[in-house]
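Below you will find the structure I want to go over with you.
Chain naming follows the written order as A, B, C, D and E, and within any one chain the residues start at number 1.
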C-alpha cells in the first residue's frame, strides 16, 4: 500500500514537473522533448487509474504521432526562421509578457486552489454510470465496456469525433499547399527498420482491433498504430503514387465516418432511431464500423503528418 | 519465498542495477557518443534481465513470448536509433571525446 | 392516422445532422460537382427544418434517443421552441450564404469551401439539437475547428493570424467547458441536461462547474473582455464565412450558455447575472465606440458584432421578468443573425466590387450597387433597433423589462447603444452616397451575391412584423420555464 | 485522500499550469503545447474522480469520453500546427503579435 | 512478490526522473533525444512490472505499443529536425 502511494506521489509530482518544463523551457526543442516525456508519464498515470484503453490510446498517439507531428512542425518553422522567439525579436510584447508573468500567477493560484477545493469537496462516491453499462453490456454486442460505450451506447459522439478528425485533414488541405518534398534517400538502417517494423505494426494494429471487442484496444488504438506506421514510412522517404485528388485516397479517408453515417441512416430508416443496432447484429455492425474507422484514422493521421496535400508522382519520375 | 522467487528477485534486482548504470552513464559520461553507448547497452540489458525475471514467474508461455517480443523490439529500436543518431551527430562534426 | 403523419413520422432532427454530414463527404469525394451537391444539401436541410417545425407544432417537443438507449446511458437529442428558432435562423442564413458562395468562390476555393461549410452546418445543427453536455462538447469542438479552418480559407497573414487566434480561444473555451462537464458528471452521475436539472443542488463543485462552463462559453461568445479574438477573425475571413461566424457561430455558444443557465445554473447562482449584465453593458458601449472608430468596413461590422453580443447578456440581470427578458434575448439572437449575416454579405459585395474595404473610399456605391447598399441599410435598421425590424422588437422588450424593474442603468445602455449603432451605420452609408472621384477598379457583382444579402436583410425587417407567431413558437416546450403568455 | 483524488488534483494542477503558459508565452507552438497539457489535466480529472470511491469499480463512460477527447485533441493540434507553419512561412514569425521588424 | 515488483517499478520511475536531468542540460539536441529514448525503455520495463504486479495483461499490450513505436519520434528527429539545423541544402 505504501509503495503504491509512493509510486502515485512520485508519478504525480513527475507529471507536474515535466509539464512545467515542457511549457517553460527556454529552448523549444527541449520543450517538445519534455512534452514527449509527459505523454509517456500520462500513459503510466492511466495505467494507475485502471484505464488501459486510454493508456493504449495515449501510447499509440503520443509516441507514434504527436511527437513526430511537433518535431516536423518545428523543422518547418526553423526553415522560416520562426523556430524560437528570442527576446530581441519579440521586443515590447515580450517585455509586457514578462511583467504580466509576475502578477498572473496570483489569480491562477487562486483559481487552482478553488478548483482543488471543488474537487475535494465533491460529495462522496457517486456510482456514475458503471451500473447501467454493466447491465446493458450483454446487449451491446461487445464485452469490453469502453468499446461498448464508444461504439454503441454513445456511438453518436464517436461518429462526430471521426468527423472532427476528417475535418482536421480537410482544414489542412484547404490551407496548406502540396506537401513538402520527401526527404533524401533514407539510410540503409532506416530503410531496414521501416521495412521490418511496418508489417509488425500492421499486425499489432490488427490484433488490437480484434481484441478490442473484449479487452482493452479498439479502433482508435489500432488506427493510431496505422498512423504511426504511415509516419515511419513517410520518414523513410517512401512516397505513395497517389495525389490528393485520387478518389481511392478520399474513399479510404471518408470510410470511417461514411460507414458510420450510413449505419446511422439505415438504423434510422429501420427502427426510427439512429445507431440503434438490433442486438443480434450489434457485434458485426460494430466490427464493420471499427474496421472502416481504423483505416480512416490511420490514413488521416499519416496525412496530417505529411503536412500538405499528397502530390502524386506525375512530375517526378 | 520459493527458489524460483529468489531467482526472479535476483534477476529483477540485477535488471535494476543495469538501469541505474545506464542512467549514471547518461548523467556522468563526457560526450554524446559515450552516453549513447551507456544508454543503449545498459538499459537494454536491464530490460532483458527484468523480462527474464518476470518470465520465471509468468503464468503462461504466451506471456513469456510477448515479453520476449517486446524485448526484441526494444533492442532493435535501441540499436537502430543509436546508429542513426550517432551517424548524424558524426556528420555534423561534433568531435569525439578524448582523454 | 391523423393527416400529416408522413411528415411527423420522420425523425427530422437526426436528419438535420446526417444530411449535411453526408453532403460534406460526397462533396469531398466528388469535387467536380461540389457546388451543386452542396447547394442541394443545404436546401434539403432547410426542408428538414421545416419538417421538424411542423412536427413540433403538431406534437410538441422532439425527443430522439440516439442508439435507442436513452438517458443517462445514451445520448438524447431534444428540440423545443428555442432550439427550433435557432435551427430556423441557421437554415435561413445557411441558404443565403450558400447561394452567395456559388458566386463568391471560384472553382479552386469552392471545392475546399463546401465540405468544411457543410460540416460546420452539421455541427451547428447537432449543437442546437443536443441535450447531453458531453455531446455538446464534441459539437463545440467541431464548430470551433470548422470555423477556424474556414477563416483560414481567406489566405494571407491576416486571415491565418485571425484563424489561429480564434482556434486558440475556441480550444481554451471548450476545455474549460469540458472541465465543468467533468465536475458535473462526478457530482450527479449523468451528462443528460434534464437529469442534471432534476438533481441539481448548490455545492462548491457546482459553483466551480458553473464558473468554468460559463467562462468557456463566454469566451466563445466573445463577451467583453474576452472578445479580443473576434474582430481579427471575423474581419479577415472570406465574406460568406464572416457572415456565418458573426451570424451563427457565436450564437451557438450563447445558445448553449442560455440553455445551461435556464436549465441548470439559474437556480444556484446569485449575483453572477448582474456581473454578466455589467460586462454586456460595457460590451455594448465599448464595441460601438470601437466600431465608430474603424476605417475598414469589415472591422467596423465585426466590432458591431461585439457590441450587439453585449445586448444578449443584458437579459440575464432582467431575468426576474423572465418571459420578456428571455424573449428579448431570443429575438435579438435571431434578428442579429439575419441582419449581421446580411451586413457581412453586403460588405463582401462592396469589397468584391471595389477591391478594398476602406470606408472613406467607398464613394458613389449607391449608384453602382444599389441593391447591396439597400441591403446594408435595411440590415442597419435592424442593428440600430428602429421599427419595424426584428432588432427593434428585441430591444423594445429589453427596455420594457428594464423599465418594469426600474433598471435605469440598463435603459440608458440600450438607448445609448442604439444611438452609437446609428452613428456607425450612417458612417458607412454616408460615404456610399458621396461623390468623391477616386478612380476605382470595379468588378461586376453577380446577382447571386446581391440578392441573398438583400433577402436576409428583408427577413430581419419582416421578423419585426411577425412577433406573435415567433412568440408562440418559442413557447413550445416552455424553454424559459414560465407559463405566462406575453401580452 | 486516496490515489484517485491525488490524480484529480494533479489534473487541476496541469490545467492551471497550462493556462498560465497559454497566456504568458508568445510562441504559438508553446501555446499549442499549453492547450495539450490543459487537455491532459481535464482528462485526468474526468477519469480519476470516477475512482474516488476506492478501487471498487471502473466507470467506462468517462474513459470512453477521454478517448474521444484525445482524438479531438490530436486533430486540433495538427490543425493548429499547420496554421502556425503557414503563418510563419507568410510572416516569418510564429507569434500572434509578430510584425516583422526589418 | 508484488511488493518487489512495485518497489522496482518505483525505482525505475525515479531513475527516469534522473534521466530528465540530461534533457534539461543537453548540451546537444541529440543528448535530449537520447534521454527521451531512455524513457521509452524504462516505461516498457515499468509497464511489464505493473502488468505482473496487478495481473493486468492489457498493460503488456501498452508496453508492446511503446516498444514498437519507440523509434518513430527519434527517426522524426533525425530525418526532419536535425538536418534542417546545419547543412540543410544537400538533403532537399
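Just so it is clear, contacts are C-beta pairs under 8 Å (C-beta built on N, C-alpha and C of every residue); 3 or more make two chains touch, one makes a residue touch a chain.
What you see is a predicted model, and the numbers here were worked out from it, not measured in a lab.
Listed by label, the chains touching chain C and chain E alike are A. Considering every other chain in turn, the ones in contact with both chain C and chain D prove to be A.
Comparing mean CA positions across the assembly, the chain most remote from chain B is C.
Farthest from chain E in terms of Cα centroid separation is C. Taking the mean of the C-alpha atoms as each chain's centre, chain B and chain D sit 32 Å apart. In whole angstrom, the spacing between the mean C-alpha positions of chain B and chain E is 11. Between the CA-based centres of chain A and chain B the separation comes to 28 Å, rounded to the whole angstrom.
Chain B and chain C have CA centres that are 58 Å apart. Shown for chain A are the residues in touch with two or more other chains, namely 4, 53, 74, 115, 119, 122, 127-129, 133, 153-154, 157, 161, 164, 167-168, 171, 175, 190, 193, 197, 200.
Annotation for chain E: residues 33, 35, 40, 57, 64, 68, 70-71, 75, 77-78, 83, 85 touch two or more other chains. Shared contact sites, meaning residues of chain B that touch two or more other chains, fall at 73, 76, 80, 84. All chain pairs in contact, by the document's touch criterion: A-B, A-C, A-D, A-E, B-E, C-D.
Looking at the complex, you find that chain B touches chain E at residues 1, 5, 8-9, 12-13, 15-16, 19-20, 22-23, 26-27, 32, 35-36, 39-40, 43-44, 46-47, 50-51, 54, 57-58, 63, 66-67, 69-71, 73-74, 76-78, 80-81, 84-85, 88-89, 92, 94. For chain A in complex with chain D, the residues that touch the partner chain are 4-5, 8-9, 12, 15-16, 19-20, 22-24, 28, 31-32, 35, 38, 42, 45-46, 48-51, 53-54, 57-58, 61, 65-66, 69-70, 73-74, 76-77, 80-85, 89-91, 93-94, 97, 100-101, 104-105, 108-109, 111-112, 115-116, 119-120, 122, 124-125, 127-130, 133, 145-146, 148-150, 153-154, 157-158, 161, 164-165, 167-168, 171-172, 175-176, 220, 297, 301, 304-305, 307.
Chain C meets chain D in the complex at residues 134, 138, 141, 145, 148-149, 152, 156-157, 160-161, 163-165, 167-168, 171-172, 175, 178-179, 181-183, 185-186. Residues of chain A touching chain C in their complex: 114-115, 117-119, 121-123, 126-129, 132-133, 136, 152-157, 160-161, 163-164, 166-168, 170-171, 173-175, 245, 247, 250-251, 253-254, 257-258, 261, 264-265, 268, 271-277.
Across the complex, chain A is touched by residues 1, 3-10, 12-21, 23-27, 29-30, 33-34, 36-37, 40, 43-45, 47-68, 70-72, 74-79, 81-86, 88-89, 92-95, 97, 101 of chain D.
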